[in-house]
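Each chain gets a letter, A, B, C, D, E and F, in the order it is written, and its residues are counted from 1.
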Amino acid sequence: MADEELARAVDFLYEVGLLKRYKRTGWVVAGVAAPESIADHSHRTAITAAVIASMEGADVQRAAFLALFHDTQETRLTDIPYIGKRYLKAAPNTEVTADQTAGLPEGLAEVIGDAVGEYEAKESAAAACAKDADKLECLMQAAEYREQGTDTQAWIDSSLASLKTASGKRLAEEALRTPSLRWMHEAREARPAL
Amino acid sequence: MADEELARAVDFLYEVGLLKRYKRTGWVVAGVAAPESIADHSHRTAITAAVIASMEGADVQRAAFLALFHDTQETRLTDIPYIGKRYLKAAPNTEVTADQTAGLPEGLAEVIGDAVGEYEAKESAAAACAKDADKLECLMQAAEYREQGTDTQAWIDSSLASLKTASGKRLAEEALRTPSLRWMHEAREARPAL
Amino acid sequence: MADEELARAVDFLYEVGLLKRYKRTGWVVAGVAAPESIADHSHRTAITAAVIASMEGADVQRAAFLALFHDTQETRLTDIPYIGKRYLKAAPNTEVTADQTAGLPEGLAEVIGDAVGEYEAKESAAAACAKDADKLECLMQAAEYREQGTDTQAWIDSSLASLKTASGKRLAEEALRTPSLRWMHEAREARPAL
Amino acid sequence: MADEELARAVDFLYEVGLLKRYKRTGWVVAGVAAPESIADHSHRTAITAAVIASMEGADVQRAAFLALFHDTQETRLTDIPYIGKRYLKAAPNTEVTADQTAGLPEGLAEVIGDAVGEYEAKESAAAACAKDADKLECLMQAAEYREQGTDTQAWIDSSLASLKTASGKRLAEEALRTPSLRWMHEAREARPAL
Amino acid sequence: MADEELARAVDFLYEVGLLKRYKRTGWVVAGVAAPESIADHSHRTAITAAVIASMEGADVQRAAFLALFHDTQETRLTDIPYIGKRYLKAAPNTEVTADQTAGLPEGLAEVIGDAVGEYEAKESAAAACAKDADKLECLMQAAEYREQGTDTQAWIDSSLASLKTASGKRLAEEALRTPSLRWMHEAREARPAL
Amino acid sequence: MADEELARAVDFLYEVGLLKRYKRTGWVVAGVAAPESIADHSHRTAITAAVIASMEGADVQRAAFLALFHDTQETRLTDIPYIGKRYLKAAPNTEVTADQTAGLPEGLAEVIGDAVGEYEAKESAAAACAKDADKLECLMQAAEYREQGTDTQAWIDSSLASLKTASGKRLAEEALRTPSLRWMHEAREARPAL
């Protein structure tokens, strides 16, 4: 690998790190005191994509991989809230990704570009699962913030309405019925303390 | 999918969400004021694994998938700092994962269990890339916190020393030479404002 | 005042309140742990505008008034960082202000619209002072964050370079020579404890 | 301008910057997790003063200007909560302002001193509007924190009770009937996404 | 005192300082946005121990002293949440304390070791008061977070159930009936403003 | 215990809890992003008092007890910074304590009142140790914030200058020579991982 490609790879990883510092704008608008980052959201979205893909019979690993990169363009676009979309015209995600991956070792740029392209095209089963994962993750986070005192009903409603897959919808309905810490109470009872 | 499996899938996703709230303990020890979460770390680790795997000729998507789950056990184990490892004996990660995925639709539990097993076994090329991604990500984060004023040299040193792959090492050396916002300054010059 | 106008006035004030929750994006990029809000910045900008206008012989109160509203469009546009301006095309501030003040009692909409229009036109002496106040305020905040450990040199340089008025430039040079807490140490010595 | 006056002007602006770091004490008492700063409060208070003055037929720009400085003394007095007023005897705001502006170019010290004097005297129409803006702003912030989960009823009650102008009272009643994000939902419907 | 003992004393005090940076894990799990530190908890626990001991006729100063050190081992063990106790086997607190105080001037190590030993043995009246103080403090904090919007019922229930002393129980029941800011409203009425 | 006394005891403990939410004002002034609370400071001050008392041959438990309450008046007085002491005249701490403990079971009010009285009188050996603990704790915290990037030299200097006991001075000098995490690096080497 050429020195220049190495430099670009490091730049790319530092750029991706900005997603830890950028908070999800919607939660700032809602008044959440310590909102999650874009990276926080993206991590659970990738795992959610794996879950939905498994239930839908789609490619689990592919769906997770698409989800991993689904908001990486926001290092340059920021996380524009709904209201902002009335006033800001954004370059397409595929174009941003092309800029972000320019100069990377060719195989890598292609792998990332293909993933973003597939996600944005919304055609493959894996893309459908990753898209729904983005929405379901948002709904679950909204439910958690609601438990913690903030009114997030608008986010729950809009996330729920935009789900497309059968599994995504079933999971969303179940999530809205489930206290977010039920897993912990059940896990505590299932196993004695050491 | 049975109702019970659906409930378990939702529980699993809520459990994974705790990784957003848990901060990386090392940075708390170092005195970082607003430290990243485990999910923050895991997101960039997965992308870093993809980069290293691409450079090492390993399975890119597999490496990212392993990295995605590499700290998911910390919902139950917490992120034990080095000093804590002298005083706490932890159950193996594979055992924690088995508990976390119990009751999930069988295919899903297997997919996750296999990923964690492969990562912990440290034998496959993808696992080696994901492991190094965990360390390289930590090193880059330490370098960023150093730019922001905190003394993180001990974390840089120990991360650097534990890298195994040639690509991981080259990336680490380059990362330590690179200001973390260089990508942004270069990107600004490469493209005019709209 | 009609009920509808009253409702619009309340909506407008709630909208302005979002500027308290939105953090200045540049500082998030720089890695500041607890960055100031847009409202924080706007408050000192307004007072800075008064200071510059006083030194420049411009209308002090007018300059402060212009500065007060100079970022109010960011409730809808968000605070787009430099890199984002390569990828996002924003509606003009005057258009956003028109939407924000639609339905307000006519006199009020006009007063605010005129202030924003004058600021954006960059022609009056008061506007020049308010513009420089925006930059000087950023430079002083950058100097404060630098004292607190974060590397903000890029923000200091770009703010300094964009100053236009003689007073703005003199104040900036003095600010860069001045420890930000000098005022307090001097005030403590100037007056005995009660 | 003499060098000494320049130094004082810079000191004054650094001093004002402390209002960004000082949180409003009442919200800390109430248990708000990430409370607004005094500067945050002052920014919306100034705009609120403009709105009330417009409705009351008072001098809009003057009211905003008075509000801009109404809490600037708190760099030296801090934001004493109600309970503290039983145990602390504070120097008058006008005296603090005199100290803060000592050595500033004479015109500037006079402009600021006059504004603080007028505000504290509570006699002019502009001062009445700025005073009510201080209270109305607090009420609206309390309503926002209430939506976000914290019990702030005591602050709503005391703010409401202290309003003096007819417009301040009408705005307060409307604000208590209005969800704080109504403006955004209406703005989204009023304009298509780009 | 030998130089080496002086060094150990300083190390010990820096170590104790980590309790300010470590947040109480339970509140992180519950989703509290800005959770208290272990030191925060320990401070009120010590005062609570004094109150309970006074009511129980136990040694007030001793109970406070035991409480002061009751969580100091968590610099090395961290604050393991309930779920973690299923997966982590911890060294005994007395052993951790022995390591922490090794090399301190002998009298000091003994004083601290005795206090921790007495607390862990759960036999003395002072230890019983300090133990209950730990639980009562947690219950009161849970009640405060509940007022601030977070669902903390599980913590209230488990704290209440684990109280042992009559005074601890009476205080807990009274605390659950009492708004956490009642003291302030009463204090304000009891004394005129200066 | 009468119901009224029980109510007062609960009020007192809720009042003390405010010390967790109040941040130490000096660090806010210095620009520390996430400053410690008064309770944080008080906890280490109490342990520091025990250490100094042990070295000075004073009553260890008494010194810790005095330190525990040394800032409890700040629930009503707030933590007035140095500059504020030029503009605010505060009621004596003993008077505040009398108000805070009014109505408590008589023995308890006396115990607390005696402790505060002894501390404020500055005459006993235990009080001298507790006073120095207050200063030494501040110095060590300043040293830690300095390692984390903030300029706190003024706090180090003033704390150092106000120490009175020989042990306090020796500890301070050693603390300024010691990296705050040395204890951890040494503890890690002294004991193998489990």
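The rule we apply is simple: contacts are C-beta pairs under 8 Å (C-beta built on N, C-alpha and C of every residue); 3 or more make two chains touch, one makes a residue touch a chain.
These numbers come from a predicted model, not from an experiment.
Under the contact definition, chain A and chain D share the contacting chains C, E.
Traced through touching neighbours, the fewest hops from chain A to chain E number 1. Mostly differing positions are employed by chain C and chain F in their mutual contact, as under half of the interface residue numbers are shared between these two copies. Over half of the residue-numbered contact pairs of A-D are shared by just one pair in A-E, D-F or C-D, which is A-E.
With centres defined as mean CA coordinates, chain E is found 33 Å away from chain B. Rounded to whole angstrom units, the spacing between the C-alpha centres of chain D and chain E is 39. As a whole-number value, the distance joining the C-alpha centres of chain A and chain F reads 45 Å.
Contact with two or more other chains is made by residues 29, 31-34, 76, 83, 86-89, 144, 148-150, 180-181, 184, 187, 191 of chain B. Viewed as a contact network, the protein chains fit none of the simple shapes, being neither a path, a ring, a star nor fully connected.
Contacts between chains, counted with the stated touch criterion, involve the pairs A-B, A-C, A-D, A-E, B-C, B-E, B-F, C-D, C-F, D-E, D-F, E-F. On the side of chain A, the complex with chain C involves touching residues 18, 21-23, 25, 28-29, 31, 75-78, 80-81, 83-84, 86-91, 95-96.
Of all the residues in chain E, the ones that touch chain A in their complex are 29-34, 82-83, 85-89, 148-151, 154. Interface of chain A with chain B (complex): residues 1, 6-7, 9-17, 19-20, 36-37, 39-40, 42-44, 46-48, 50-51, 54-55, 60-62, 64-65, 68-69, 72, 76, 99, 105, 107-108, 111-112, 136-137, 140-141, 144, 167, 170-171, 174-175, 178, 180-184, 186-187, 190-191. By the touch rule above, chain F contacts chain B in their complex via residues 32-34, 144-145, 147-150, 180-181, 184-185, 187-188, 191-194.
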